[in-house]
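What follows is a pair of complexes built around chain A, which joins chain B in one and chain C in the other.
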Partner chain A sequence: MAAVPGHVTTPGRMGGPGQLVAPTFKTERLSVVYLTEQGPLRAVRGVSLSVAAGETMGVVGESGSGKTTLALGAIGYLPANGRVESGTSRLAGVDLAGRPRRELRHVWGSKVGLVSQNPQAALNPTLTIGRQMDEMGRRHLSLGRRAAREASLAMLERVAMPDPQAVASRYPHQLSGGMLQRCALAMALLTHPAVLILDEPTTGLDVTSQATILDLLDDLKAQFHTAILYITHNLGVVARVCDRIAVMYAGEISEEATAPDLFAQPLHPYTANLLRCVPRLGGQGTQERLATIPGSLPQMGDLPSGCVFAPRCPLAVEDCRAARPPLVEANAGRKTACLRWQILRSEEGRQTALQLDLRAAAPLTLSAVPRAPAGPPRVRDGSSSPPGTLVAMPQDLLTVEDAAKECPGPRPRSTVKAVDGTTLSVGAQQTFGLVGESGSGKTTLARIVAGLTRPTRGHVHLEGTPLGPSVSGRDPSVLRRLQMVFQSPETSLNPRQTAGQAVMRPLVLLAGLERREAGQRARELLEAVRLPASYFDRYPGELSGGEKQRVAIARAFAAGPDLVICDEPVSSLDVSVQGALMNLIGDLQDGAGTSYLFISHDLAAVQHLSHFIGVMYLGALMEMGDAARVLASPYHPYTEALLSAVPVPDPTSRDHRMRLRGSPPSSAETPSGCRFHPRCPRFQGDLCRDQAPPWRLSDGGVIARDAATPATADAAAAAAEHAICCHIPLHDLAALQEAGRR
Partner chain B sequence: MKGKVEADHGRLVSPRRAAVYWRRLRLQPVALAGTFIFFLFLVIALLGPLIAPYDYAAQDATQRLQSPSLGHWMGTDNFGRDVFSRVLVGARDVFYLGGIGTLLAAVVGTSLGLLAGYVGRLWDEAIMRVLDVLLAFPALLLAMVLLATAGPSDLNLILVIAVLYIPMFARIARSMVLDLRTREFIEAARLRGEKRSYILFREMLPNALPPLLVEASIRFAYSIFLVASLGFLGLGVPPPNPDWGRQVNEARTFFDAAPWMLLFPAAAISLLVIGTSLMADGLRHVFGPPVARGSR
Partner chain C sequence: MTGFILRRLGFVILTVLLSSVLVFGATHVLPGDVATMILGREASEQAKDSLRQELGLDRSLVVQYGSWLSDLARGDWGTSLSTGEDVRGVTLERLSNSAMLALVAFFMYVPLGIFLGVIAAWRRNSYIDQVISAGSLAFVGLPEFVTAVLLIAVFSRALHWFPSSSAIAPGTGFFSALPSLILPGLTVSLTSLAYVVRMTRAGTAEVLETDYVRTARLKGLSAGNVLFRHVLRNSLLPTVTVIAAGVGWLIGGLIVTESVFGYPGLGRLVLFAVQRRDLPLIQATTMVIVTIFALANLAADIMYALLNPRIRYR
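Now for the complex of A and B:
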């Protein structure tokens, strides 16, 4: 087809949300089917969607809901086994569905911009950023070599790249994830596409980089007047960037509304429940149960004949199960696929729709599990211990003393300080939440505690007894007391062992049970993590992500450990599943009296479980203390930035924005003075650059860290109720932060 | 779509593994044919002497160089022996030597590879470098040198096949271990204080099995060829056992007068090698990752 190169979109005057403008991008009753070994799989069924120029349409849904398939099907860019079964899809007047790939290729190049989740995989690692961008200009805008480069540089400038010339000559592996995603965005925008599809563009990034990308999107939206289709599972992100939102469930749209309407008054029970599930920062106190949606997404091969949400819906009646409810217009610009949406308009109706499964379910008894004798619950009272003492405090279950891990760096004779002298302690039956961006060293620290990584310095004590640096040197009685739940449900279970075998093994090996007895207890454990007994003989391939993680938790708890290290146990799961698992983790603590070292990049998740929180940056703790105090002003500037970067699932909230300068740090070069100073929004000048900041305690004490033994200072800080490692006095910090909020 | 999407919610509860394998095999007619040929020869190897119409060694001077007929389906050779019976019985040695040899190579090679990959460092270097040296020689040449020194016998043939194929199994097992050792279930096993042998053989080996099985079937096909080649060169099974390779060699002299003498054993070799290779190729798909569902 003869596409007009260059500026395809004609900036209309009547842009913005609403239906005033003829939609640029429109699908009508689009159905996509995948041909699989198990037969055809209808991943998207009869979806109609329209996006006008200058409008941002959010498609939200949990994984497996078909949101990516919808976008790819709409532009005809499906994998080899995917087909558009029926329906139409029009982009700027051109029908895309069912066209041969050869014709579509030019449409994609000139009219469609696509940014996917993983820029690492989307960009060619063997070509420089500039080369790849120039190719777009030359191929689709028919520009000459020099003009193409100029266009590329101009576009890099527009996505707020600090030094376009330098970036253009770099290879993808030389840039950070956030920078790469900006390049991908620049490349997608180069041809001024009619539609820009953003498929979870910030999901793989840290909150701080995510925040800057979202800020950038805000600016670009105004400049480019493109129709944007924004696909994500993150409700906070859609609330932040989208004008209208479509909620997808099991391959169908369950509700469509403008962003403020959707968050103010959802008119579909699924949306209402989903909004409930999102853990929110602040507001509710710590250790509160999270809402969940019982049941699970229906299997695409075996859909209910009625409403797809009916099996999990508290409002479902006979009619709901009889026939698929159509997507009806509720109010102007609002559509819902619920027969009983009127009920949701009243507050009582909403409450019935919300399955507030907040009461603690039947208490979890792990009495069947043999446990090492644990002392009575001891509440930490660190403030009473005199500052400056370096001892493993007797009431602490785990103490980490000046742990450090250095590895050879990328350049000869350089070292990467993954963990750079960290001291912390975890009380019995308490949860210590460790927060930080990727690369902050939190996982390395966890692995040092577990004995999977040998520290270059420092010690780990369990109830005062030093632990060997490596698991292979640790006594079985120690191994039994210390277990771990890993991040990825996909790799934490052996695919060739059944759930039962996985849970039985530690019972046999560490608790010394007979096989029959172990089998019995394994069944009890599976029940304790709320899995049906029939799952005993299932292989991991037959379980969902959340179920796998439950098995992994049961395995960790099998031998009755005193401390369980949780390394991002829920971050790869959907919100509705996350809540259930967090509740489970909390319940198990109440039932079994276990301590946790809970690691996460998600402050909201940490807040719900933790008694104590430590905030880590470039291998060192910047702030630590009582959970409530860490999450309240005064914060360390880094904590403050982390908190303000989290997108709030409320489009009306005008968050005060505090963004970090520069790109995420590399632990290859630890900055001088305060390690946070190059990115600190409250940078104070030479003092921050030249001198290591002291620990400032909440009781007014100040412990200098640049003494001969910084470890002593750290130990004192670890013992305090709340400590911040910063040059700015606490009351000044509090004042600055108060001013920023106003 | 992202990898995690596939597994979440268990969209498709996968049926039992064996059923999946069988269904995938059934969908590949070529591989199915190969598998059929393989098992046909396996049955022949097991029942050879029982179903053979004549004694494979019985000479009959009156029946020399007979062309194929109802009495002798594949004709007779220069000693008046029934070619059909000799081909049938010859299958036994092929499976016996090639099979045991490949199995031995698989067991030893896999163990060495697991050890090299998991223990690493000096063990890895030592084991892999020695195996590299073995790989540096052309297979047939090495086999001939070894057999010429040790003298042809069943045991020596098996050992030669094993020595030749150990490096391939070791390399595959090692690469699987390098991939698996950083998986979290292995770390969970280490955190339980599992012994090294348990981690290697109970946690890792089952996961490394599919590619090893594929490799074993490929190596078996090669070993048939190797046994036949050595037989042809006079280094195979000592007479009077009917070795396909030696049959081909002996038939060369009589090719003009009795082409069937050469044709049928040669066809048996080709058919079994091709059939096994096709089966191996099919197994690769059978054990491979599921056909992409949502992935691009």
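Now for the complex of A and C:
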């Protein structure tokens, strides 16, 4: 994006590793305390950070690490029970900490901008985007009504917003998350603030929207020369956008380094372990255990006297537990709060620092509840496969045939095709990963399978037996065999039921156990999901997010299901917890022989667990097949875009950028021809626009002109391996993709 | 928006029609025979029969209902059985009196309630918040006649500011009636203040915790701007609905207050009609009150839609 003519941007010197430039924003030994009923909670303790103009400083940490409190405390915005206990926070020399709000109002908005996590919640639903933006110009730039609107429109243009006029007159609910976040960015930048705080700005967005926002940030950084404090839990994102990174743990900075240094050689055992927890695309391949960090964050009210990480640290020695280690300068420009950081410089040392829980855990036995015998092994020759199905074979555990769901659209008499004729199958003891952006229909499809949404068309079969369209009409034995784990454990567990009761219910209702027996079994299940027995009597309110999701998983497994539908089961959790849960999900499959329909927008997570992958766009599959083959070239252009949008946790990687045009899909109007054509980076012209693309197989074969009805049994067999729904022949796609990478 | 209003208006008509069935049915299961009531116990069966024929009471209920409804719609509301007056004239006269009282009460407690509710929310859990909540609740607990007597004792007997009786003559204009309206208005206000305060406080406190209010504050907007542009628009949504729907009660439901002050409003007319078993009067007043309630709810829906862009055109 080019700068708007007439606007002068000073390129300036970058505040690089050596800190040649005086920092714009600097906190010194900043401590923030919350006064609570349980006594004072010191959420941030003695944090010193500095950000220079034009520099992006990343603050990474898991939830509860105090990163948001740090940022808000540093700009003097704390809730009523929050206080800056000690320390300073200087913006261009002026201390903001502990100043009265009356004075800070001249700083907020004009010198400090903030963009927060969920733009849908962070913008006022009853005011148009334009009015909300205009307030900035009117308040801080003393602009009149018209001049303020002009400034807003100009800024929307600078954040590459198509049709700023129209956007300004919209209400927040009329725009997508990615668009809204761009508006929020434009609003924050309107006054050219000296400091911009970005608090998880892309966390709620799809990978594709995230990628465009991160690209935009790159451009804006160069233009605005602002000091950026970027708060996130996502290591891929910090690697992508930050110059320097501070890692926060339990309210303290454990390590600070330039991005390349931090990823190349972490000098704190927490960082080293955290980096290993991240599932990486293409890395280890599928079905490998993820690293986790045993233990959990210390309670803020009950901190260890020594190093806060010592209780979880394999390197910890007596000295570590005796006194809090200071943040010391290790090399030029990098600091660590570890006494034994020297050890981490050698490869052997690093290995000892990494937790050794990669060994497979004790096998999980879930045999007490009688299970239906496993179906016959999956037959790939497909000779018995009826024509008209893509990969559906009667031997499969679950088959979904031509499922469709239409809902009333936003306008009268319009319909939204949430799912538009999808056919797939899940084999026994297999995991089928379903990926797509939000709005692709993957959750609707899961709900159709679970019987929570009645399809307008199509069938679901479990081992060849058709299932009723609605869960209330299904036989209890079917309910037992098919269970679901939802995205948010916060809302899927009854707050008035203890963990034990939640797990007991399916045992009593579906497996027909006596209460006493069920209680016993529920304890075993909680143990199987690695929760201590004492959790039996705890209410969801007393559990962390990860623990709640473990209870939800135990509940799903209670009645011995054959298929568990997992709808984004880990996406609301922290990285280190995600790894542990994904391992658990994998272990349960090995132990109990369960199949999964695993739904996620996170390709790395899907890749990690899945045998098969289906990529969904606007209600239909675009590519499907064996996991390894879907994730290797040739891919469908949509898969390619999804893959290239995932930020890689490695600042040195030269990412191959392929971005989608236009806004994320709204299924209100399914495009003609190939439904992906309006956004396709490999758009070929009229053919794509006018005709539905065929399913193409790796061997060069084509199964059908019409995606919904593939032809023969042989084709179905080949399609089970890998098939792409595209007009471009696969070898041409492969060539295009090879060229793109060079 | 037009479609939305038309659809809602359809609902209003449906509500009124359904209520008319109920009103008609209920008045026909009331104990007592109309003919006996008019002619007295001593009248001959023959005289009663001929009166029933005259009044159409010998026809089937469905036919009676149909003719009653069409008369009602055409403006022929019948003659009062107890006073012999034209029902329509009496009812509309009382309706206008009630509307005057409602207007006075409305402009007393709605602004005050919203103001106190917003203050309580802005300074929530403070001393002021507790005083406001406890104070407004205290009056809700008091029955209307107690409040009314207290007010009369203070403002009429002791201070001689306002008359203790509000029995205004028919045809009195708003401004000449105003002194008589203050005390009944205040009584109603004190008993309903707490609802508005609580709704406003709850709504505002919730909105003050939202991310978009944090955004507004971190834009450096003044407290007033944050409150008026960002908070109130959202926080008053539920309150507006409750208040608008409450207007129906203000006009048709003030039976106790009107009685204590001797105010000639619709509520007292209903009471009078029921005591006298004055069928045409009961039917007409109840239908008027039902219609007012339905229209008040329609107003609430429309205001909600106007304030909330998310449900417009739906």
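By our rule, the second predicted complex is superposed on the first by the 690 of 742 C-alpha atoms of A that agree within 3 Å, B and C clash if a C-alpha of one lies under 4 Å from a C-alpha of the other, contacts with A are read in each partner's own complex, and residues count from 1 in each chain.
Assume a residue touches a chain if its C-beta (ideal position, glycine included) is under 8 Å from a C-beta of that chain, and two chains touch if they have at least 3 such contacts.
This structure is a prediction, so every number in the text was calculated from the model and none was measured.
Novice: Based on the superposed arrangement around chain A, label chain B with chain C as either clash or fit.
Specialist: The answer is fit.
Novice: Looking at A:107 after the superposition, I want to know if it touches chain B, chain C, both of them or none. Which is it: first, second, both, neither?
Specialist: A:107 sits against chain C, while chain B stays out of touch.
Novice: Should A:41 be classified as contacting the first partner (chain B), the second (chain C), both, or neither?
Specialist: First partner only, chain B.
Novice: Given the overlay on chain A, how many degrees, to the nearest 10, lie between chain B and chain C at the CA centre of chain A?
Specialist: An angle of 30 degrees, rounded.
Novice: Give one of first, second, both or neither to describe whether A:434 is in contact with chain B, with chain C, with both, or with none.
Specialist: A:434: touches no partner chain.
Novice: In the overlaid three-chain picture, which partner chain does A:171 touch, first (chain B) or second (chain C), both, or neither?
Specialist: The second partner, chain C, only.
Novice: Quick check for you: in the superposed arrangement, does A:572 touch first (chain B), second (chain C), both or neither?
Specialist: A:572: touches chain B, not chain C.
Novice: Going by the contact rule set out at the top, does A:139 touch chain B (first), chain C (second), both, or neither?
Specialist: It touches chain C, and chain B stays clear.
Novice: Once chain A of both complexes is superposed, is A:127 in touch with chain B (first), chain C (second), both, or neither?
Specialist: A:127 contacts chain C only, not chain B.
Novice: Have a look and say if chain B or chain C is in touch with more residues of chain A.
Specialist: The partner with more contacted residues on chain A is B.
Novice: Applying the touch criterion given at the start, work out whether A:582 contacts chain B, chain C, both or neither, answering first, second, both or neither.
Specialist: In the superposition, A:582 touches no partner, neither chain B nor chain C.
Novice: Compute the least Cα distance separating chain B from chain C in the superposition and give it as a whole number of Å.
Specialist: 5
Novice: Quick check on the output: what are the common chain A residues between the chain B footprint and the chain C footprint?
Specialist: In chain A, positions 118 sit in both the chain B and chain C interfaces.
Novice: Which residues, counting only chain A, touch chain B once they are in their complex?
Specialist: Residues 34, 36-38, 41, 43, 62-64, 68-69, 72, 79-81, 117-118, 200, 296-297, 299-301, 450-452, 471-472, 474, 476, 479, 482-484, 486-497, 505-506, 509-510, 539, 541-548, 552, 555-556, 559, 572-574, 577 of chain A touch chain B in their complex.
Novice: Where on chain C is chain A touching in the complex?
Specialist: Listed in rising order, the residues are 210-212, 214-222, 225, 229-230, 233-234, 307-310.
Novice: Help me check something: in the complex, which residues belonging to chain B touch chain A?
Specialist: 1-5, 7-14, 17, 20, 23-24, 183-185, 187-188, 190-194, 203, 206-207, 290-296
Novice: Please give the residue numbers of chain A that touch chain C in the complex, ascending.
Specialist: Residues 75, 77, 104-110, 112, 114, 116, 118, 121-127, 135-136, 139-140, 171, 173, 184, 187 of chain A touch chain C in their complex.
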